[in-house]
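For clarity, chains are labelled A, B, C and D in written order, and residue numbers in each chain start from 1.
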Amino acid sequence: MEQSDPIGHEEHCHTGGAERKSHHSDKAKSNLTSRLNRIEGQIRGLKGMIERDTYCDDVLNQIAAVQSALNSVGKLLLEHHLNSCVIERIQEGDHDVVKELMSTMNKLIK
Amino acid sequence: MEQSDPIGHEEHCHTGGAERKSHHSDKAKSNLTSRLNRIEGQIRGLKGMIERDTYCDDVLNQIAAVQSALNSVGKLLLEHHLNSCVIERIQEGDHDVVKELMSTMNKLIK
Amino acid sequence: MEQSDPIGHEEHCHTGGAERKSHHSDKAKSNLTSRLNRIEGQIRGLKGMIERDTYCDDVLNQIAAVQSALNSVGKLLLEHHLNSCVIERIQEGDHDVVKELMSTMNKLIK
Amino acid sequence: MEQSDPIGHEEHCHTGGAERKSHHSDKAKSNLTSRLNRIEGQIRGLKGMIERDTYCDDVLNQIAAVQSALNSVGKLLLEHHLNSCVIERIQEGDHDVVKELMSTMNKLIK
């Protein structure tokens, strides 16, 4: 799905410097940002529904839709994380990345 | 927790007219709206995190926090729905409310 | 899906006597029991997989399958509960059923 | 928590031979097996509850407990998988393990 990027904005994990960073390609960034923009619009839509006394069942269905959109963002980020930081740090012999990942997974798997 | 409202803005279910409505008390509305405002801010925060290449693990933790905040809104709405529309419509002998509720629950219980 | 039962084993809620009961029709009972038998078999299958050192990914996929089968049982029970006890008790003016239901929902919606 | 094993039953990933295997230490195996035994007992308990017309709310609470116990087993297995197969295969340059892991995560994160 994601084609190789000729300009070289590869996705990778910055570990040098003061803090750890996750670099996304421009394409990945714009995909994530447009998904989050849509979710932000859905949240504003939810506020309008509450304001206009929309029937609860319809509001609950909209909440389920936002949850699902947010899950998709989470899965994209997890996939990126596994393919960049997790692979890189394990290859560098830094196994703490697995501990951190597991603590994140414990929050996502409910 | 929720005190009785002397002005009479009781929560109830409007079934007359063109479409079904769920009326929330002013207090309930402002509670839901301020929760959704906070969630909207969290979504904007997530966009900034992506923009600034924040480490994926931290972004994923923030996503888990939004999911949990959104779940709380869903539970408040469900509670309101059960206490207003579901009770009212069952008392009026309209059992379709249960079918609708079940179809909503099927989306929320995953 | 569920046909009306000519013998009269209707699903209902017993509230008389020492403790509250939920009566399922014979058909509903055998449906639930056969689903639980299958789940019990899947759990035994999981133990065998651990014993035989089955690759974790395959075991995790089987766990996801059991979760999903268990969710289906939960939804069937919830639907039965709404259609029997919840309707009956609300019609009798007993709104505590909604409080109990909400506390159960809080455990199921995660 | 898990002490090093002097006899050498280390947890690791077998990739040689006909099929991939996940080897658990004896201690890990007996932990997982006793958890699954308890879950099997809970499933049998659920069947008894249905048989005895136990109130649906109580059955639903028991289902939520089983879901939670099953999630714990899933998290233990995932942790083991990350610490053995995922680390080993990435170190061997085999990145397919990440694709498989992601497809499993997609089933567990709902």
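In the analysis below, contacts are C-beta pairs under 8 Å (C-beta built on N, C-alpha and C of every residue); 3 or more make two chains touch, one makes a residue touch a chain.
This structure is a prediction, so every number in the text was calculated from the model and none was measured.
Chemist: Under the touch criterion given at the top, what is the topological distance in steps from chain A to chain C?
Modeler: Minimum number of steps from chain A to chain C: 2.
Chemist: Which one, A-D, C-D or A-B, has the same contacts as B-C for more than half of its contact pairs?
Modeler: Overlap exceeds half of the contact pairs only for A-D.
Chemist: How far is the middle of chain A from the middle of chain B, if each middle is the mean of its Cα atoms, in Å?
Modeler: Whole-Å distance between the two chain centres: 23.
Chemist: From the C-alpha centre of chain B to that of chain D, how far is it in Å?
Modeler: Chain centroid spacing, chain B to chain D, equals 34 Å.
Chemist: Name the residues of chain A that each touch 2 or more other chains.
Modeler: Within chain A, residues 71, 74, 78, 101, 108, 110 contact more than one other chain.
Chemist: Touch graph of the chains shown: is it line, ring, star, complete or other?
Modeler: Topology of the interface graph: a ring, with each chain touching two neighbours.
Chemist: If you look only at chain A, which of its residues touch chain D in the complex?
Modeler: Per the stated touch rule, the residues are 71, 74-75, 78-79, 82-83, 86-87, 90-91, 95, 98, 101-102, 105-106, 108-110.
Chemist: Under the definition above, what is the set of chain A residues touching chain B in their complex?
Modeler: That would be residues 14, 19-24, 29, 32-33, 36-37, 39-40, 43-44, 46-47, 50-51, 53-57, 59-61, 63-64, 66-67, 70-71, 73-74, 77-78, 80-81, 84-85, 100-101, 104, 107-108 of chain A.
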